[in-house]
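Quick notes on the structure that follows.
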Amino acid sequence: MSIANLSYRAVFSLVLKRDLTIAMRHKDDIINPLLFFVIVVTLFPLGIGPEAQTLSRIAPGIIWVAALLSTLLSLDRLFKSDHDDGSLEQMLLSPHPVFILVLAKIVAHWLITGLPLILIAPLLAVLLHLNEQSYGALMLTLLLGTPVLSLLGAIGVGLTVGIKKGGVLLSLLVLPLYIPVLIFATSAIDTAALGLPYSGQLAIIAALFIGSLTLAPFAVGAALKVSTN
Amino acid sequence: MSIANLSYRAVFSLVLKRDLTIAMRHKDDIINPLLFFVIVVTLFPLGIGPEAQTLSRIAPGIIWVAALLSTLLSLDRLFKSDHDDGSLEQMLLSPHPVFILVLAKIVAHWLITGLPLILIAPLLAVLLHLNEQSYGALMLTLLLGTPVLSLLGAIGVGLTVGIKKGGVLLSLLVLPLYIPVLIFATSAIDTAALGLPYSGQLAIIAALFIGSLTLAPFAVGAALKVSTN
Amino acid sequence: MWKWLHPYANPEVSYHFTGKILPWLGALATLFLSIGIIWALAFAPADYQQGDSFRIFYVHVPAASLSMGIYFGMAIAAFTSMVWQFKLADASAAAMAPVGAIFTAIALITGAAWGKPMWGTWWIWDARLTSELILLFLYLGVIALHNAFEDKNLAGKAAGILTLVGVINLPIIKYSVEWWNTLHQGSTVSKLGKPSMSIDMLWPFVFCFIGFALLVATIICIRFRSEILTRNSIRPWVRTLVSEHLSKHIAQEKNNAI
Amino acid sequence: MSVNQATSLTPPLISVTNLTCIREERLLFDQLNIEINAGDIVQVEGPNGSGKTSLLRILSGLSQPFEGEVFFNQQLISQSREEFHQDLLYLGHLPGVKGEMSAAENLSFNLTLQGAPNNAVNIEKTLSAVNLTGFEDSLASHLSAGQHRRISLARLYKSTAKIWILDEPFTAIDKQGVRALELLFKAHIKQGGCVILTTHQDLLTFEPEQVKKITLDYVFD
Amino acid sequence: MSVNQATSLTPPLISVTNLTCIREERLLFDQLNIEINAGDIVQVEGPNGSGKTSLLRILSGLSQPFEGEVFFNQQLISQSREEFHQDLLYLGHLPGVKGEMSAAENLSFNLTLQGAPNNAVNIEKTLSAVNLTGFEDSLASHLSAGQHRRISLARLYKSTAKIWILDEPFTAIDKQGVRALELLFKAHIKQGGCVILTTHQDLLTFEPEQVKKITLDYVFD
Amino acid sequence: MQFDSFSAFLNMGGYGFYVWLSFGVSAALIAGLLFSSLTSHTKVIKQIGARQQRENKLRQVRKNRQNSTTNNPNEETQ
């Protein structure tokens, strides 16, 4: 009888590497959510009007809502394609704990979609005339907040992956979970624009991050087992 | 030898009826884009703050951007599932002209996703404190504009349907095409808020509608033939 | 009427033809650009209003007009390939897209860098700026579509459809954006109007413009040649060309080793 | 690569000249010439990846060949699209069956799209011919792999098209089902139709000399 | 419904007690008892829609039965998940192969996930065993239906799992390929493994009495 | 020459940062484009060469296989 003598870390990096390879092969996976983010942000001035004052007032909200929607759209790639070609079944049947595989896939998802968003956010902040004092807060909230989006989103995908047209149902499940992140993040940025300390809001986002990091992988594992039944 | 003696109208209604049946079977298809629309609109007061004045200033932009994104998300269902289960191949091989089948599918898509948006829009306008003079303009622009979104979107879907992960690529292709509709529609609503006539903008949207109605089905047909090759 | 074009419709002939004119194009581009850029940076007079920031003009305007010109060329190529099934036109359209995107990006970046000292902000939602940004999106869409299909012939056809739809849309976008902007806000950006140029400024500009145009032609030629190779890799002439090239390469490496 | 010769003096139903197919820059077949007449049953043979599916898709007009032409009744298929499609029934690897519709609805849609007159009695009888009695109103997504394919195959029983192009029609079908299909093919060619199919199983109820074979194999330049 | 009896005194590898499966309110099988020992090859038979796939998914733990239990080495599979999965290789209707990765990358990932030591020479040799020499670096989405499945089947050659559960493994595979797979099954059961499979073709190289059969058929109560 | 000294040239009348930023970014982007265009040509040639070699290998394998089947027809070859 063979003993799968791969340590947790090895399994984690195996899956992570595979997902990153697929993304690099298919560079669109990285570029497209980013472009979506950019396009959504540019749509708002077109819809609302070009006045700098209005734009700078609503900039934090727009950037965060766009980040949220862009993450949402990219969530699909987390398990859907693995489900459709049978790889997910194989992973659930592997001798390793499911939560590690799930965590690796979530981390890969964040590296592919969350990180690029953070890198391009300052540029979009310029387009929307964001208050100069708020840049630090914007970056920090994105850095702590986008992983939460990936983690919570994974739960939604896990639940809907077996359903044929889960695309919009997914957003229905996930968006309410995203609301606290949105509220605290934009409030932090607004506070920073006034020159006040915003560490309170940051601490809450950090707490959300740690909480979802510990709980989400197990929830996702359970959800996947149900939805592939 | 059998002669397919179905008139164009019969083929049109055959395909239309089938798509509507599927949507009714799977009620999520109708409810979910609607809910997405509602959720996106409600995210903005959360991200921006509850002041009535700011909200009413940006309401037309937000409603229209949300309508646009919601249409975009639902576009996937236009051809993707037909492609994945081989029905699209069968339609392309049927003895009837492709543009009729395509047009029927687009009309079905609008009935399923566009029409409900229009019906619920006044409610959301109330939530965002839209200027009372603008309601008529909002409804008229949505009525003329959302079919354009479905028609132009179909071109994008036609091009990307053969590609594995076309989801976000689709938005990149389609959103630039949506910009004129967005600009004229919001401008009409803003003009109406000032009590000025907005028939000029409406006329342009109507022209866009007629232009895309005549050209899009052929472009989509050509695109489908390429992408299923 | 089209007869004289016929030999160039042959991939092999046009591959070798472009190979022959490429060095000349490159040399001319280098010549014009080096004269133009040095003149523009060091010898042209400063603008009486904008000072030395005006020197950005010499890159900005050629890049902006080339960005639009290349899209136009791409649309013509797409049309040709669709109507006359002219496969080489697809290859040339595929070669143009990335070049156009880069020049659009240059126009945007130089414009932004000029806007900060002149208008006090990197970006405003002016009509011209906005439509240039949308042009960038259209380019990126075409490139993404080219990359999304493995079969380059299909990719060419799909991107051609998108290019043509985009070209119908381009004037609509342009006018809508212009109208949208003036509706909301006055003409604060009237500075964008053409400055009356003196002769000392015109000549370096002409050199820069021609230089950039030649550079664009050169790069498109280079890319066009690799597009031809990928699309015809099964043809015997490509096979012999590849094996000759590779054997030469190996021989060179051996020489280096010795 | 075997090339079928014309065996009768009547013009062939489908003919193919100088067909070359390249996928992934690999030459699958080169300068293929085929003539298929009424009454022929043609089995395209070859190991996995030899280009059977590619050939069938070109014959049906779904893919464009790298070089060469396909004729239907001596007209280019791209120029007589409507007549050709009226006489063509193509079933690919994918069944073209919608999971959200019931078996009966699926069949009825597919038949009507092809131009057949639609009536309910017919539908029920046709479904019973593919052994789906009792499943008429089950959603297709709730059926097993083989039942799913049977819905798609059912349209063969009502088809008025002369040319049947079938890519691995026996996938997931049980033995009884395979035998029933073969009988159907026999009836079809007797009525002056033709069948072009791929399968990795042997056709059991046909005499070996009755079946024309097109054998594909790897080719190198 | 036939039920296999234990034929040896050693404890069975897999045993199933009182298994009942209901899908869509239709009883597929009722009170099924099976024992499968090392060295068995078991073919689950039955017409389309009789519940073969459902049974295999229950055996592998992917679906929960309506009633009854599945034991591995006399332990409930839900209670010995890790050991069971280490000894299980399940291949379903879907191949579990990613189109964006090359044949070699797919195989290597699948093997490593199962816990096999990963090395490049092995991968190439294994792929050549399923006749994919020369396609190691082709993206899986660019391969034909049969080649696609072969990538998935390749892992059988390196598997150290005792229990193989295979749902229609021969789909889209050409004749030579089927014969090679049967030889592989022979070697596997000789080494003390067991194979549980469904297929609508007959196993050709096995003696009829060598193959245990579980025959499912429609039940109406 | 418009400038008195090299530092004045660099300073560009106070607009140095913006002017050099524009020219620098433009030069970098064009250089990158030129580089990728030039390498893509050799990359394409290498790719085609690799594929030809793969085909040769495949041809060899098949030839060997055919030989072995004709030599001992009873042996299963796969």
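When the chains are written out, they are named A, B, C, D, E and F in that same order, and each has its own residue count from 1.
In the analysis below, contacts are C-beta pairs under 8 Å (C-beta built on N, C-alpha and C of every residue); 3 or more make two chains touch, one makes a residue touch a chain.
From a predicted model like this one, the values you see are computed outputs, not experimental measurements.
> Write down the chain pair with more C-beta contact pairs when A-C is set against A-E.
Answer to which pair has more contacts is A-E.
> Relative to chain A, which chain has the most distant C-alpha mean position?
Most remote chain from chain A, centroid-wise, comes out as D.
> Mind checking the centre-to-centre distance between chain C and chain D? Centres are C-alpha means, answer in whole Å.
Roughly 48 Å, centre to centre.
> Could you give the separation in Å between the centres of chain A and chain D, each centre being the mean of its C-alpha atoms?
Chain A and chain D have C-alpha centres separated by 46 Å.
> Find the geometric centre of each of chain B and chain C from their Cα atoms only, then give the gap between the two centres in Å, rounded to an integer.
That pair's centroid distance is 33 Å.
> Using the touch rule from the top of the page, what residues of chain F touch 2 or more other chains?
In chain F, residues 48, 51, 55, 58 touch at least two other chains, as defined above.
> What are the residues of chain D that contact at least two other chains?
In chain D, residues 24-25, 93, 99-100, 221 touch at least two other chains, as defined above.
> Residues touching two or more other chains, restricted to chain B: which are they?
26, 81, 164, 169, 172, 175-176, 179, 183, 190, 229
> Flag every residue of chain A that touches chain C in the complex, lowest number first.
27-28, 31-32, 35, 39, 42, 45-46, 49-52, 55, 126-127, 129
> If you look only at chain C, which of its residues touch chain A in the complex?
121-126, 130, 133, 137, 140, 144, 147-148, 177, 180-181, 184-185
> Which of the residues in chain B come into contact with chain D in the complex?
1-6, 11, 14-15, 18, 21-22, 25-26, 81, 84-87, 89-96, 228-229
> For chain E, which residues count as touching chain A in their complex?
60-64, 82-83, 85-88, 90, 92-101, 105, 109-110, 112-116, 139, 160-162
> Show which residues of chain F lie in contact with chain E when the two form their complex.
Of all residues in chain F, those touching chain E are 54-55, 57-58, 61, 76-78.
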